[in-house]
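The first chain written gets the first letter, and so on, giving A, B, C and D; residue counts start at 1 in each chain.
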Amino acid sequence: MKLYEYEAKEIASRYGIPVPRGKLARTPDEAYIVASELGSTVIKAQVLVGGRGLAGGVKIAQTPWEAREAAFKLLESSIRGVKVNIVLVEEKICVSRELYLSLTIDRAMRKPVFLVSEMGGVEIEDLARKYPGKVHRIHVDPEVGYSDYMSRIALSALNLPWSSLSELSSIMKSMYRIMVEYDAELVEFNPLAYSCEGKLIALDAKIIIDDNSLPRHPDLQELYGRELTSYEKKARELGFSYVELDGDIGVISNGAGLTMATMDSILFYGGKPANFLDIGGGASRERVREAVKLMLNHPRTRVLLVNIFGGITRCDEVALGIIEALKEVSQVKPIVVRMLGTNEEEGRRILLEQGISVFVEMDDAVKTAVNLTLK
Amino acid sequence: MKLYEYEAKEIASRYGIPVPRGKLARTPDEAYIVASELGSTVIKAQVLVGGRGLAGGVKIAQTPWEAREAAFKLLESSIRGVKVNIVLVEEKICVSRELYLSLTIDRAMRKPVFLVSEMGGVEIEDLARKYPGKVHRIHVDPEVGYSDYMSRIALSALNLPWSSLSELSSIMKSMYRIMVEYDAELVEFNPLAYSCEGKLIALDAKIIIDDNSLPRHPDLQELYGRELTSYEKKARELGFSYVELDGDIGVISNGAGLTMATMDSILFYGGKPANFLDIGGGASRERVREAVKLMLNHPRTRVLLVNIFGGITRCDEVALGIIEALKEVSQVKPIVVRMLGTNEEEGRRILLEQGISVFVEMDDAVKTAVNLTLK
Amino acid sequence: MGMGILVNSNTRVLVQGVTGREGSFHTKLMLDYGTKIVAGTSPGKRGNYVHGVPVYNTVREVIAEQGSPDASIVFVPAKFAADAVYEAIDGNIKLIVVITEGIPLHDELKFVNYARKRGVIIVGPNTPGVMTVEECKLGIMPAHVFRKGRVGLVSRSGTLTYEVARELSKRGYGVSTVIGLGGDPVTGLDFIEVAELFFKDKETDAIVLIGEIGGDAEERFAEYYSGASSKKPVVAYVAGKTAPPGKKMGHAGAIISMGMGDYESKKKSLEKARIPLAETPSQIPLLLDELLKKQ
Amino acid sequence: MGMGILVNSNTRVLVQGVTGREGSFHTKLMLDYGTKIVAGTSPGKRGNYVHGVPVYNTVREVIAEQGSPDASIVFVPAKFAADAVYEAIDGNIKLIVVITEGIPLHDELKFVNYARKRGVIIVGPNTPGVMTVEECKLGIMPAHVFRKGRVGLVSRSGTLTYEVARELSKRGYGVSTVIGLGGDPVTGLDFIEVAELFFKDKETDAIVLIGEIGGDAEERFAEYYSGASSKKPVVAYVAGKTAPPGKKMGHAGAIISMGMGDYESKKKSLEKARIPLAETPSQIPLLLDELLKKQ
């Protein structure tokens, strides 16, 4: 789960990491008031989508009036389809150099890793692609944690003077503490400014929390799902993994891999999936019913494809769920079912009784669903 | 550095470990007041020496008057030579079983280890000697820390009901936190009571802090050395390792091993060392001077033996220190010097000029010193 | 006897969390498959039996009374799973299969590192497990879709693996050992390590690798494969071609991987290593046909 | 060339804390002895030279510009020593000699465990170091008292070791390699591990073990020695016979060791293992005479 910039900065600040002075504003007038106290300001749209800068979500203001004007424009706008409801009004920092500093997880090494580059302000993916030699990695053993020598390596990589060492060391130490205490999978400052006064200050901040750890962070768990569409929210409430796509074949499957493979096969045979919906392992008939209802009611769904490989999941439960859903939904859309595995005979019988035939082969089911949309 | 029982219990209590209600008393009247609030009480002399129970340092009182009486007696007494200045007055707990639970360092495994026994109330050394099978060890990897399964093993070893698991687990978790956060080398509850009401409660508590870590615990460092004799205190202030013994040959040497070997040789040749004084590595002339003055002024010293193997320590500095000390000390006691290693020629020359001859062989020096005391 | 990798018919197995719903259910299925389950643990349940398997409170008790198990399978809920893994590692069990889903990332990081340093192999977390066909099943996969044969199957996915196993069976291919690496961003084993085991295994002729988007495990494998001196034929399938960038598809994570992790990156890497890439599960046996014919 | 244990004339050495008083002084002495010191580190001092040794800010810089050192010696003050050790371990240096005295126990516990799990050997902390006579000195011992010879010397003490080396020299014995385990309660190596190295070393005929009261390292060695199949003669000396119980004699610690740790316990254990125990340092060569004559 991604946090808003202002939330990430609040946390950073609480851990002693310098951030620009600033406040949130929900109206242009609030922005005016905040800016009156700060002088030159930067007005930043608070949205959870990436690429905000390029999309015009950051504006500079010399006066409170300009800040009001900037906030007005931002609060009327949308960034990549997301309405801007809040802006962050911050003092404008005089920046000497823009640096990159993050702490994330290296899957290959199975360790947290500091990524450090003297070329900040660019997205790390672009940076790594274009200037791989400019991105330095400093791995942290999760059993040992942060050790001060890491900041000395980072200092060299950032080309900072030795007088900045204690500042940098304290920032990196805090980043590691934030990662561990918040169960973060990313703590990123991009850019980290080396200011005209020679101080380090986090101009932007991004924190992503590991979803699996949310149960032990009740305060964060409450925030969960706020960036989702209404369908995504509903699916989430029902406990499904769900992602909106732009095709017309609704997909219900079990297991992330099989669900993606189903989507990929749809594409392979010339169709377009409307969504990713993984009912997970061992879904009950009620959960299947809700998944089927959700998808049948979705305006984009023209055909529904159910592809179940029963391991823990029982085919008879799935069949009963489908039947119940069909009774409760008024809209008539074709439904293609492929089921295999635990209790498949019973499942097939239940569906056949209601006139629904069941495919054995995934390819046959996918082709049938695609053909229905091409009609 | 060992903490007082009441200090250890304060810490334990702050970490959520149950201890009996109680308060300190410095006078019999204070003991009376505390006991008036508690009913039946236990009055415990607060001293840092071991074996307090056997030495009569713990008394039971049914009434405040009895508590006053017990406190009076204890506050007049000495335990193993140490005057009792404070007593701890605690509610008397109804005990069903006395258990042993500690967390210490296993040098061989290089890991913290929980020692667990259902036979509490006995010193662990005796317990381990007499009933080795009754002491269970649960090692903790210092990189991983405490994990809950350890409390399940301990529960079995202590023969406690499963209903005590969460209490025990919380105690053990806190013990580990105390060890790490206080840099302790021992956290011991002996006995840990299983009360008549079926609760776990620490009747006695012992915490020993690692001396090397004191610089990062300024509050604890202040307490350091309070159990020392005045000579020990003085030596400590000068930065020497120093221990009082009961012989008559003062020993000054460098390195703990060589200092002990010097003492042992004195014994081997029929003498008795008065002390252990290790000036450490690279001692300056000032430090040597203070060490020599300290020992010459000590009433028990009849002969002073200086045994230096110069590595980092320079023999000329040692010689100058000895000469300076002799000028400042009025008492005339024989001094036997053996010096070897870095700048030994210069050192020998300096001492010879003042009429002090220098031995080359340790055995010769020791024998000479012993013979001087036998005269 | 003694075929396949990691487990065989002699492997003595402990089930941690044996009395739970999942633990008990799959203990039955594993026993039915012939897996040698010697004990289970469940705090406070000592003295009980689950499908004839004796239950103990702690791993230490199991070792004292049944001897050291060779492997453990963990069904303990996410909140308590790390503790169970530490108990197994500290009990010197050298292979631990962690079925549990939803374990916090930093818990996984810590115990995976701890295990690796102590020479303990962790399969998972969030894995269907490992099975050497007709010898030992240490997992939750539906056994009947796996025919015995000479293809090593290694996968980041669960149900998709069963689908692939079935496609293989249909076309006459069988499986020597199947290993689910686990769906979480951090896992005990990776493709390279498992492939190395398969390369050495006399019962395995070829490998089917089932990847998915997210992370760079497939890219790293491709690079390793290009440089490997002694190797066997590999066919790959990667799920997630249609997944939109930036979204998390279930567990298929979005953790930064420096420009790697999307389908195109994986495809390019695998092609560069001359590893045939199937577009649907059903294509996998066809690619195997071609590849093995060539040899 | 290539004689002795742990180090030899080819060992490429890094000095951490090279610009400090002790670090710089002993760099000179080690260079004089012939030790191959390739670099030193000292934060912010890059570009300087200490007795001709180039100084770098970090171990990473050293590796990049001088290649990986084989060993490191740490002179960094106690407060920063753990950090230096982690820097060396994470830099893949396989032998680290920690001279520093006064490092907090729990810091030592953590880095010693970390090192052991990663296959890194730590000598110390609080050690005079290790020296293979006339080949490589990685420590602060006064070299001139050590004659080259065939006795392996292993000790928990500093100056006492020099005393013993001198007694050996006087009676015609020389030393192959001398190792100070370190005076702290927790050290990277113990008597058993060092003895095993000496047992395998072709340049060593006998071992002199110098112990002291506190802990149970001597007892454990005695037990190991009784059961060891291939071994060499050992003579022991244990300091602290006159130390009163319960008091800490310098670093000779008072940490609980379950009834072990005093002189009598060590004496009994060594005698049981038929290891001759000298009463003074000067007796050691005499006991060696007897022991080697018997053979």
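By our rule, a contact is a pair of C-beta atoms (placed from the backbone, for glycine too) under 8 Å apart; a residue touches a chain by one contact, two chains touch by 3 or more.
All figures in this text were calculated on a predicted structure; none of them were measured in a lab.
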Neighbouring chains common to subunit B and subunit C, by label: A, D
Pair joined by more contacting C-beta pairs (A-D or A-C): A-C
Chain whose average C-alpha position is farthest from subunit D's own: A
Whole-Å gap between the CA centroids of subunit A and subunit D: 53
Centroid spacing, where centroids are CA-atom means, of subunit B and subunit D in whole angstrom: 27
Whole-Å gap separating subunit C and subunit D, where each centre is the average of the chain's CA atoms: 44
Per-residue overlap in subunit C, given as positions that touch at least 2 other chains: 110, 114, 117
Multi-chain contact sites of subunit B, meaning residues that touch two or more partners: 141, 143-144
Chain-level touch network, classified as line, ring, star, complete or other: complete
Subunit C-touching residues of subunit D, taken from the complex the two chains share: 117-118
In the complex, subunit D residues that touch subunit B: 22, 78-79, 101-107, 109-110, 112-114, 116-117, 128, 140-142, 145, 155-163, 166, 183-186, 190, 210, 212-213, 215-217, 220, 237, 239-244, 246-252, 255-259, 279-282
Of all residues in subunit A, those that touch subunit C in their complex: 50, 102, 104-105, 107-108, 110-112, 115, 124-126, 128-129, 135, 141-143, 179-180, 183, 185-186, 210, 212-213, 215-216, 241, 243, 245, 253-261, 263-268, 273, 276, 278, 281, 309-312, 340-342, 361-363
Interfacial residue positions of subunit C with respect to subunit B in the complex: 43-44, 57-61, 80, 82-84, 86-87, 90, 110-111, 114
Complex contact set, residues of subunit B against subunit A: 143-144
